[in-house]
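Common to both upcoming complexes is chain A, partnered first by chain B, then by chain C.
Now for the complex of A and B:
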């Protein structure tokens, strides 16, 4: 009559660290095992098994985000090869919904974390700004599904958007001033006042598997 | 030694007589002696008792809201369309915001996708005293453990041999019976006899699994010259349906025991078995089936358009091939009750023998079968639309969810054409805004 529960203390630790409830962690653990094929770690290839993900135009960026050391709160930069369950939970915690009992400071911090996650998705070379080149790459990827779209259209869209971003962040530019790229502060500025928290979270239902002895 | 043999022979003969009178004879006439019903009543009482004990043993403060949504997912997805969500987010003319939307969708897909969860067994809301379903449940009390042990003993030592023997009898009589009937010249008598043999053996085999089947709307039962279409959960579906009527099977010719059964049954009744090479030729298959259907005297064909076994919580894409044959379609919905035994065959995890063993050591197979009114393809409707219409009807009737996905995803990846459709939608949206964006940009930068 044994169960697949690991020690409750470990789970409690994970819960405290990432903010998920114990049931959510159990469910995510089962999902992790499904994706990894019962291995202790997942690699990029494991995400190939998910049909729903195939439709997503920025699929590779999302998968990459899982292995990005900046998101995993590790001191170094670059990509790791494989992640374990704790890392998986860390990435998932970026998409936790906000809780009712959070105060101003916590909310602000939370929001910053989410925006930082997105910023990392764009800023692939980790120089702290999203350059025109990186922006273009993202647009191309988003539009990659449509073979009829020429590269030129993608480019012009990126250029136009970059200009607008510049005007928001820097205001009127001198004729010879070059806009280097969107820094994280600029990024935050762009989203000020917009409620992104509700757009960037995954709502977990209240699942209670019955007969749970703690 | 001799004494032992004598005793063994006595026991065997007594046993066989019992089996014959209690099971085989009633099967011939389609009667029931009420033994299964009695067994089921005891079983239900025991499981209810177990559930109550489990509930008492829980030390949680929250109330037990037993939702049946164990299989419907752990996250709540937004139902708004892509267009609305992205429009709602747009502040900069472009796509920084779109990334929000796509990353959320991506993470949702990673946490849970609709397809993969259909290929694993349904999760139970309450434990049913089988070890195999014990994923969430822990040790509760001594009494429960004792009952569980008793259950194991009953299932493996009492029920399993009984069922295995019955299954053997059923298969042997099927082969022998149909071969004998096959020797007769074609006549109405032969058809009647072959129907009798098929029905009897089917009933014996269903009893071998302790199957309790409830048929609804028997007036809609498939008629001759029609096509019967049902959702697929396991190879047992065939038995469930033939228990109540005679069908012409369609399938690939196998070797071994299955092949033997196929070869003998086809002599008695015109089933349609294809060779492996013939299966690849779609036109040939279609032609043969069309010929069969055109003959109004022939039994209705039985087809499972999903093409593979799904875990009985949803209905996946119906392949259009079956709907191109023409004729009247009789949809049938089959829903198993997972509380008594999981009928789903996860062919990537278990092979057929271990699957059969699992079935025979479950408590019982309980299911509901709904016969639905016949459907015909309407004017201006192509095969795919017709297939979807039938699929919705079956899903609705059986209380299953409906998915547009292809059951073949169990093994293969998403088709590229399908993917491109979706991505084209998105880029259409963007480029739609692109030119206007450019115009305004052009004006500004001047």
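Now for the complex of A and C:
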């Protein structure tokens, strides 16, 4: 499917599925080929070809998200080894900006989809909860750009955040009550303050192929 | 605590006035040489030529009549002291001219402050009418009063306005600019500021010219250039007016930053257009070269202004790197460098506002990392104080000047100006948003457009620019001024008063009163990195990509050069976390009891979220290490403060800042805390009997007004009890601790060495799972409010030096 941009029907089909315009798909396809090295599929190693990604502290999480079956809407658990162009587009479609003509329901759905994607990035073990352990991992990764930093401080931040989350989502807790982790509903609650639909998007137009990327 | 605060009020109030007065006075000579002469000044109210000659010719404000009334009794008193023929030594003389200028300046400022105070005493009025309107009305009344007595009221002079009144407001705006929103919407703001203002100026100028030509009501002598000049003066949205109104209506951040950003950035356009047309109006012919040069000068003015600001900002940041030993003058550097930036820009006719904003934005992150917490609070307070006083003065003087100035009312001109102003604004906003929405991802809705158009308030900048016009070249200055004042009054009164009901009516999204939680910070950062990653993957070098590059550059080079010590390596998240902890701790101290920690964190303990944790962790409070440390610091700080007051006062040094210490020793302390934790655990295994009932501890700490009240309903909980009843040893923290140790009523145990004045008691051996850290915050909503206040004011509130609560503008 990766080399299928010569067939207009198929592109049209992709466009309908993912909501991208034909032009955008063409752009992304060019980029896909760059990353995959003209292969029909992308593997994890392919992302090494993107030099800018190297400095990203949450690089592994990002790459992992591309292979997460939950995000690819294939299965509720597990990772795939390689993704084709359609899958690539599916992942990218999470980052589409909202459109003017969306009604409330669509908007809500759109918003939830985006948040689900994020949630899956946090929830690495598929149990539907961001546990303390997972949260600590996230914060550690976020701070991994600073080698001088103690792990301790990352931990205490995560702990603080988790406690805050618990108190936001559950309210008052009995001492013997246990908050196992942030569920998706709690996650939604926490994101209320941040306008996800106005933030989580990338412009896909005007992309220039990058020369130094093999 | 209240009583103590109250007692300190007078001295606190006096200080800023003295400061401003001193500043104004010190700068008077400069103002003098600056060409006040060619400006029209209102006649000084003193008819006595001797007095007149004694005072400086370019006095700042003419005296309001009450001044002379006030001093009259004094004169009477002093007259018996004089015996006419024989010149005895004057026991009590009077020399008003000696103090006249500062006296009057302070009197005006005092009036402004009292007015501001008065409006907040009567809340029902300020709910309906914006403060700016009330102030203008006060100005009108005062002006009328002065005129009624037969004096001529002072006029808001352009130099005073541009050199002294405007900079504090702009610096306040620039220093506390919400940078994220600003940069995210920079394109839109720039288009509104540049294209929008140009459109307004030319549309208005052109139409006014047409009106002047056809109507034949004696306006024929006004040429095209004069009309364009008028258009450029009146077309710029005014930051002072916008701030005054928008802060009160609490509109959502996007709209706020769009209108406010526009009002800030359009300064460059206004400056260029103003100088351009003023210059051209004297030429016989305007050539193409002139127009090209004018176009060029726009870039020079705006970019030059930004450049000057950035240079001063970097210098300021660099300077603040070395101030760790002389903390007292830290805030002054911020003010001086920014003011220098403004003046330097004005020196070359560059955009001073742009320079000020650029310098504020550039210096802030570095300066904040370098200076002490107290200095930061000082900066905040001073900026807010200066800007609110300036703003008040500006509006009052606008009213006074209206009464004082000469007016030439021409119905055709004034009415058509008003109408075209509104039309130009509406058309401009509609047209530009249509264009901008093609590129924006978050589209501007019709409601937004309406608010943007409606929020285009005009203000004192337009008035001052109009006032600056040279009478010789612009004989119609009075008419221009009248029209300008009419437009200002219309926008401030009609639009300013109706915008709030309209916002409610249209259900425009309001500002969400959110405190930024640590979760949100994590998520936001996570999202930032994710988007950068996705942009890299899809090969689009967009916003996030460049921001990331800039951040990396900043971290690698700028921070290293401009920030001293360890904090340069501190990532944003940690810094944010520390700040938050700090606020909570301060909050905690403020609320007067550990039982009522306002933060949400307090209701849940580590136990609740991490049952798998080792028993060691179970026992100690959540957030243990950091939080404890912070709390301890704050508490100790407070203890110390009672003592500090006994200390001999030294003008040049501040006592070692415990906050600084806290930051610097954070890592070390954490280590210590861990040890403490270990030992504590040992200790806790031995059940101790009830040593401290809440009442007892209260009695013990009752002597201190900042006492802590552990909540009584938390029987099974470990309670952090503070014992501030320590002797008056001014020496050092360590000493305090030593003594606290002595006071502590715990059975002597080795761990107290680590405790530093914070004693932890566990009432009973806790059964697993029953130990919450802090008791649930009962009064959640009031404490939330307090939290909000604290967020807007991170200063250490209980500090008597800074304890004067700041009243935000928009209340």
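Here, the second predicted complex is superposed on the first by the 196 of 214 C-alpha atoms of A that agree within 3 Å, B and C clash if a C-alpha of one lies under 4 Å from a C-alpha of the other, contacts with A are read in each partner's own complex, and residues count from 1 in each chain.
As a convention for this text, contacts are C-beta pairs under 8 Å (C-beta built on N, C-alpha and C of every residue); 3 or more make two chains touch, one makes a residue touch a chain.
Keep in mind that what you see is a predicted model, and the values were worked out from it rather than measured.
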| task | Go through the superposed model and pick first if A:152 touches only chain B, second if only chain C, both, or neither. | result | second
| message | Taking the superposition on A as described, I'd like to know which of chain B and chain C A:183 touches: first, second, both or neither. | response | neither
| said: Quick check for you: in the superposed arrangement, does A:163 touch first (chain B), second (chain C), both or neither? | reply: both
| Where does A:49 make contact in the superposed view: on chain B (first), on chain C (second), on both, or on neither? | first
| said: Contacts for A:93 in the overlay, against chain B (first) and chain C (second): which applies, first, second, both or neither? | reply: neither
| request: Mind working out whether A:201 is in touch with chain B, chain C, both or neither, as first, second, both or neither? | output: both
| Can you list the residues of chain A that meet both chain B and chain C? | 27-28, 31, 34-35, 47, 50, 52-53, 55-59, 61-62, 92, 95, 118, 121, 138-139, 142-143, 145-146, 149, 153, 156-157, 159-161, 163-165, 168, 190-191, 194, 199-204, 207-210, 213
| said: Give the list of chain A residues in touch with chain B in this complex. | reply: 1-5, 24, 26-28, 31, 34-35, 47-59, 61-62, 65, 92, 95, 117-118, 121-122, 138-139, 142-147, 149, 153, 156-161, 163-165, 168, 190-191, 194, 196, 199-205, 207-214
| request: Name, in rising order, each residue of chain C that touches chain A in their complex. | output: 441-443, 512, 514, 516-520, 522-527, 529-545, 548, 552, 555, 569, 571, 573-574, 577, 581, 599-611, 622-627, 667, 670, 716, 769-772, 776
| query | Which bits of chain A are touching chain C when the two form their complex? | reply | 27-28, 31, 34-35, 47, 50, 52-53, 55-59, 61-62, 92, 95, 97-98, 100, 118, 121, 132, 138-139, 142-143, 145-146, 148-150, 152-153, 156-157, 159-168, 170-173, 175-179, 190-191, 193-194, 198-204, 206-210, 213
| message | Using the touch definition from the top, list the residues of chain B that touch chain A in their complex. | response | 54-55, 57-60, 62, 64-66, 69-70, 73-76, 85, 88-89, 91-96, 98-116, 120, 125-127, 131, 134-140, 145, 148, 405, 409, 413-414, 419-420, 422-424, 426-428, 430-431, 434, 437-438, 441, 444-445
